[in-house]
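The first chain written gets the first letter, and so on, giving A, B, C and D; residue counts start at 1 in each chain.
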Amino acid sequence: MGKDLKVVVIGGGSSYTPELIEGFILNYATFPVREIVLLDIEAGERKLNIVGALANRMLQKSGLPIKFSLSLDRRSALVDADFVTTQFRVGLLTARGWDETIPLKYGMIGQETTGPGGMMKALRTIPVLLDICQDMEEICPDAWLINFTNPSGIVTEAVNKHTKIKTVGLCNAPIGAYKWLSELLQVPAEQIYCEFVGLNHLHWITEVFVNGESVLEQLLDNKEGYSAKNVPQSEWNASLLRSLGCIPSYYLKYFYLQQELLADQQEAAARGETRAETVQHLEDELFEIYQDVNLTEKPKQLEMRGGAFYSEAAVRLMNSIYNDSRDIQTLNVPNNGVLDFLPAEASIEVNCIVTKHGMLPLPVSVVPTAIKGLILAVKTYEQLAIEAAVTGSRDTALLALAHHPLVPSVNAAEQMLDEMLLTNKKFLPRFFQ
Amino acid sequence: MGKDLKVVVIGGGSSYTPELIEGFILNYATFPVREIVLLDIEAGERKLNIVGALANRMLQKSGLPIKFSLSLDRRSALVDADFVTTQFRVGLLTARGWDETIPLKYGMIGQETTGPGGMMKALRTIPVLLDICQDMEEICPDAWLINFTNPSGIVTEAVNKHTKIKTVGLCNAPIGAYKWLSELLQVPAEQIYCEFVGLNHLHWITEVFVNGESVLEQLLDNKEGYSAKNVPQSEWNASLLRSLGCIPSYYLKYFYLQQELLADQQEAAARGETRAETVQHLEDELFEIYQDVNLTEKPKQLEMRGGAFYSEAAVRLMNSIYNDSRDIQTLNVPNNGVLDFLPAEASIEVNCIVTKHGMLPLPVSVVPTAIKGLILAVKTYEQLAIEAAVTGSRDTALLALAHHPLVPSVNAAEQMLDEMLLTNKKFLPRFFQ
Amino acid sequence: MGKDLKVVVIGGGSSYTPELIEGFILNYATFPVREIVLLDIEAGERKLNIVGALANRMLQKSGLPIKFSLSLDRRSALVDADFVTTQFRVGLLTARGWDETIPLKYGMIGQETTGPGGMMKALRTIPVLLDICQDMEEICPDAWLINFTNPSGIVTEAVNKHTKIKTVGLCNAPIGAYKWLSELLQVPAEQIYCEFVGLNHLHWITEVFVNGESVLEQLLDNKEGYSAKNVPQSEWNASLLRSLGCIPSYYLKYFYLQQELLADQQEAAARGETRAETVQHLEDELFEIYQDVNLTEKPKQLEMRGGAFYSEAAVRLMNSIYNDSRDIQTLNVPNNGVLDFLPAEASIEVNCIVTKHGMLPLPVSVVPTAIKGLILAVKTYEQLAIEAAVTGSRDTALLALAHHPLVPSVNAAEQMLDEMLLTNKKFLPRFFQ
Amino acid sequence: MGKDLKVVVIGGGSSYTPELIEGFILNYATFPVREIVLLDIEAGERKLNIVGALANRMLQKSGLPIKFSLSLDRRSALVDADFVTTQFRVGLLTARGWDETIPLKYGMIGQETTGPGGMMKALRTIPVLLDICQDMEEICPDAWLINFTNPSGIVTEAVNKHTKIKTVGLCNAPIGAYKWLSELLQVPAEQIYCEFVGLNHLHWITEVFVNGESVLEQLLDNKEGYSAKNVPQSEWNASLLRSLGCIPSYYLKYFYLQQELLADQQEAAARGETRAETVQHLEDELFEIYQDVNLTEKPKQLEMRGGAFYSEAAVRLMNSIYNDSRDIQTLNVPNNGVLDFLPAEASIEVNCIVTKHGMLPLPVSVVPTAIKGLILAVKTYEQLAIEAAVTGSRDTALLALAHHPLVPSVNAAEQMLDEMLLTNKKFLPRFFQ
């Protein structure tokens, strides 16, 4: 990794790209990117051109000597890459719509990162990412793969298990937690230390130190918890927080409040509303704005899109790897004994030291008894989902669903699976050979 | 443990007692009991007298030199005991009725050994059993406690964690599995070796050898699985069995077919039927029969009661301990590393060598990835339920429910818990101090 | 494994063979051998013929319908084998002499099963045994390999790591311990339960129960320990036994009394005496006796040979496998978590249940802190010695020696290793390619 | 820990103190010490006064507002302490002389941090340090104990096991390794990342990265290894380094070259030379120099004393704790799963993140098989030595020696132990009650 730093953005036509470009510009002093390629597939060419033009205007305005191009040819784009980031969605928002609605018919949560919908997203995404890694192994074997693509933990575990590419999974939730706490406690984020325990979209904050002193107790009285724009809000149960002794991620509402969230989703669906559709409207608006040839910076409206801080997290990570910074970031990496009830190769979301030679996960000081079962139950599903994605086995996919805590019947799951497989057929070549 | 073997049967007025007495008579040659005391509480005196009279007639007929008595005084009954067996139900069938019906109102499975109902049974039972153990520590500290009382795994773990009494938890399911296989395969049970993995009422049979050869594959084609009279029957999903590669216990239908069994229970409740009521009728009939002064043997009707083989299992276990037989039995004992994703002290249901100096759990050759999550999830609940029973903490009880795989909402669980606690108030002194 | 039981004895010309033949005759009722082949190499033909003739006379006298033959052709001998036993010595007693004398020059213990000498024996033996297993994989893949060949633990681990053959390692020390205790305590061996912890030739007896009661304390006052004919006797240090709280195997004198035993060996060597020579004399005498055509039974003199009970142990083991007896025997099998500070695949010497589908190691109830380090130190050496034997790497062989507790200098070890390799050149083809 | 930072230096009269004072002065900007107390015992008053006067001159010259005092009263000195450092030697250099010479008579290495001598030092030191901690628990329970006192790993483990005081063990070897590599490779130490595996005075460097690239291979060709003034030098065996694949600490020569170093020590002793005497001469010279009233800085001669960088390491550590720096330092902390073959509470020497709320050990990427046995063997001895120190049990002390890799006979060890105990009687009150 020399001075001619090259970054390839897979899914470059994403609406998030301007944030990433802004990040490269702001961090140029310490992370001197010399070349950026936005890569996408043919079906995404129109969006790529719109976002690409905006990115180009932003870079022009910055005056920095960064070579910039758009590409539809993955193999040539990857030549000499130092970092490859991913932020694509196989099947686009249409497939997300299926993930969010089909399960509802069978009395189950419809969500794109966990449950039946999350599994379908994994089945669509993993083979594509493994293909990318196969190209990387050949063309840029030493490059880092920075994976934003959801379900981020599962996808990262699949890459670690089935390829030799160095990879890290990223989520915006941990950085969001620090921002929430910084505002709540009125201290700079740098003075806060949070301990995260769990998996991607299934973590708990088990300790919060400010300048070496724990402030966890006072936070447990704050029933609102930390939250995000794309997850329905309900207040946490006060008794639960008290006895749990840690702060659940907002994604845990799908588990602790499954009944309520299912009812909400079913109502919304009855009204014809899904998160996929809401996002589609936001995206349409954003691309409308992006086309403004006078726009030369990231527009404010992007912040409403839900994935806030993703790009901040990504640029921070690449910066620390490049500079061997050895600072602490919360990442998705192989467990390797940090959680002693999980397999060594299981991807977990945990504090890590970021070095140039790899991520070093930090030990966790405490894992509440109460959360171990749920973590292993979801990890069990994740392992099986990866196996199903790689082998294209319907039986294994059903086994994964049968052991997911949000699936209350293997028989219902079987019917649902058949419907989902058929609907997603175009994106599941391994299942339909 | 000398030649004057004394057995104390706690809950001696149970309808199961004649089976136990028959076991002592049949095994007298190798397990020469010299004294049997049937012990019960005052509320059970009538039943104790009826069963006691029958037991007395059985022993008289046998002509064996066994001293026999009934007692309502625990401390004097325990003097010089070598084995203490338990088969009582705190709150009797009335409380079982609550366990089976209250959860239904909140959209949850009502069952007396797992889920919300199982937890309530644990909360009622554990303090009573710890009291018994406290007496034993004082009066007969070297006696073995053979625990049939459900939820047997949880209760056994509580005794191991909180007392010094040597105990083993027993269930009739493993012995039932051997009988099922013996009939199905037409080989004596002694030539069969089953490997059990899991917890009480949550186990899978992961291997079956006949004369050293595995017959698992052919069994997985047998969709009916093994079953029992007190669990509703549904055929197992064929794809599930195939990909699981092992045979689930019939209790696992509450997890794999939660949706269906909940619907069944709700329908039955709507018709005014519960398992508690069915059992009450059976019991009434049995006691009617027991009163027949000409009856001098275990009546056939007892076999319909559901707990078949319990006594056979109990006598076999006591016999092997007494004789240091070192044979293999499937028992509930501390994990101690057999399942590496569970705590050392967690009670598991596993093959053991029975020696006079204790039970030695055998290693398991394989644990399918798919089942680990569910096992740890239920064990998590069990650990919390024990803590709640011992401390009388409502918060901990809610924490236990919130992490039970059959509980889909912590908020609904909170309301349900409050109703259940209030209903069971009489039997939960630690919660109402 | 049907009724036509066939056993192949590799190293059939060994002086131990008559004991094995006696075992087959005595156990015929439960272990009905139909065919025995004594197999040896050409260099051993003379001994094979002498022992073979005696064995034949013994079998004739028994009148049992056992087919019997001698063979120098391994591949044809292995056809249809159910059990293959090994009791050979690569390099014969000459090589043993080297193992016992060369280390002395460098100030180190010379012994044929541990230390530098033990490693050389492993380097000579492992490749030969792996060759045998390769033939077995092809010709009789389901046969059991019962390995008596020393260093038995190391050799068994090598077979488990590098072949698919089912194997068990056997030593006469555990059975000897039971016989010692039976005589000392005046109770039948069947009423005794010893817990063994450690490796082959490196175990401690951590518990002794008689009829379920521990008698360990009284044994710790017995300073003589248990012993064997082929290990020099010194009294154990009383303070050591007291604080250790368990009974060390007599082989542990090489470690706890290294200084003294080294001095003894150096004195004996100065007088021109080695164990190899003593054994050579015994062997010569035995073969003289075996040639007596009137001899039709195992001669008494064989008991002085040192390997007493080896054959008893072997026949007992084969009998239990054949009959799926599920009794407890102390064997060398893969660790699989029994000792949590050792790798899963490490061969350990531990109580096992013998079933027809394999050996199931029993958990150990206690491992004294004091012995863990020595166990792992020796296991470290063993793992490296296996690697050296398989790869023929001099560097790895030196690494093994450098980490053996009986080797006080890597530089001296290097010189010694070079001398030993050269002396053993004929038997180490992988080191001299 | 506020702005009024107070540091108490136990063993303040040590010749190392000027280096520590220099460190406080140089780091004042980030670590603003407001008060320093040099504490010593009455027997050390003369040295305390000499060193104290020099320290005072150094502080005066700096012009910094640091309150400074000398004290012989521990309890008053500890009031309001934030950091307590220790650098004392119970029994002074006289006792060190015993540690280095008595074992030689019995044919064993004489060394003050490992082997029989190291154990005696632990037996003398641990009770004193536990007394200090008892005072701290009462007077300054939140202060950090920074322990330089040897044997540092053992002593730190004793404090962690037997007190509630937050402590870290420090050694100058890791910082010395960085300085050696920085000079050898001609890169700033900050660009180097070394992975340390093992215990205090028993570690291996298993990886060295410079700017994210491994340079280990080239270092393994450098036979001299890294070394220090107070350990005899011999070149490492080239084959050993090659097959080991990592760099042994110079203290490992006592294990890998025991024979040679023992011979060296015996020769030196025959000539009347011991390290204790050499050090005594150096100390005498240093105190001569310290008395020069014109001296106002750390004299150059101190660097020859052997403990170079100790103070640098200590100030760096306190600075990072105070500032919550979250940088990486190599420290002695509880294992907690980092090395999976060691107990959780075992003190290991490993890279840690230093935070204000504690040390977070980093995972190790590889532990060569070859070194595990030696590590556990020495840790076994360490655990027993701690137990002996705390209980004052001669049997346990012998058990510790019997399992130390440098002790070749338990019988010889027993005689030696009795001589050492008697000689050290004055400093071993727990052994002579």
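Throughout what follows, contacts are C-beta pairs under 8 Å (C-beta built on N, C-alpha and C of every residue); 3 or more make two chains touch, one makes a residue touch a chain.
Everything numeric here is computed off the predicted structure, so don't read it as measured data.
Across the assembly, the mean Cα position most removed from that of subunit C is the one of A. With centres set at the average Cα position, the gap from subunit A to subunit B is 45 Å. Centres computed as Cα averages put subunit B at a distance of 57 Å from subunit D. Along subunit C, no residue makes contact with two or more other chains. Chain contact topology: the protein chains form a single closed ring, every chain touching exactly two others. Pairwise, the chains that make contact are A-B, A-D, B-C, C-D.
The part of subunit A that touches subunit B in the complex is made up of residues 107, 237, 239-240, 242-244, 256-260, 262, 341-342, 369-374, 376-381, 383-384, 393-396, 398-399, 402-403, 405, 408-412, 414.
Contact residues on subunit A toward subunit D in their complex (touch as defined above): 1, 191, 193, 209, 211-214, 324, 326-328, 336-338, 340, 353, 355-358, 360-363, 365.
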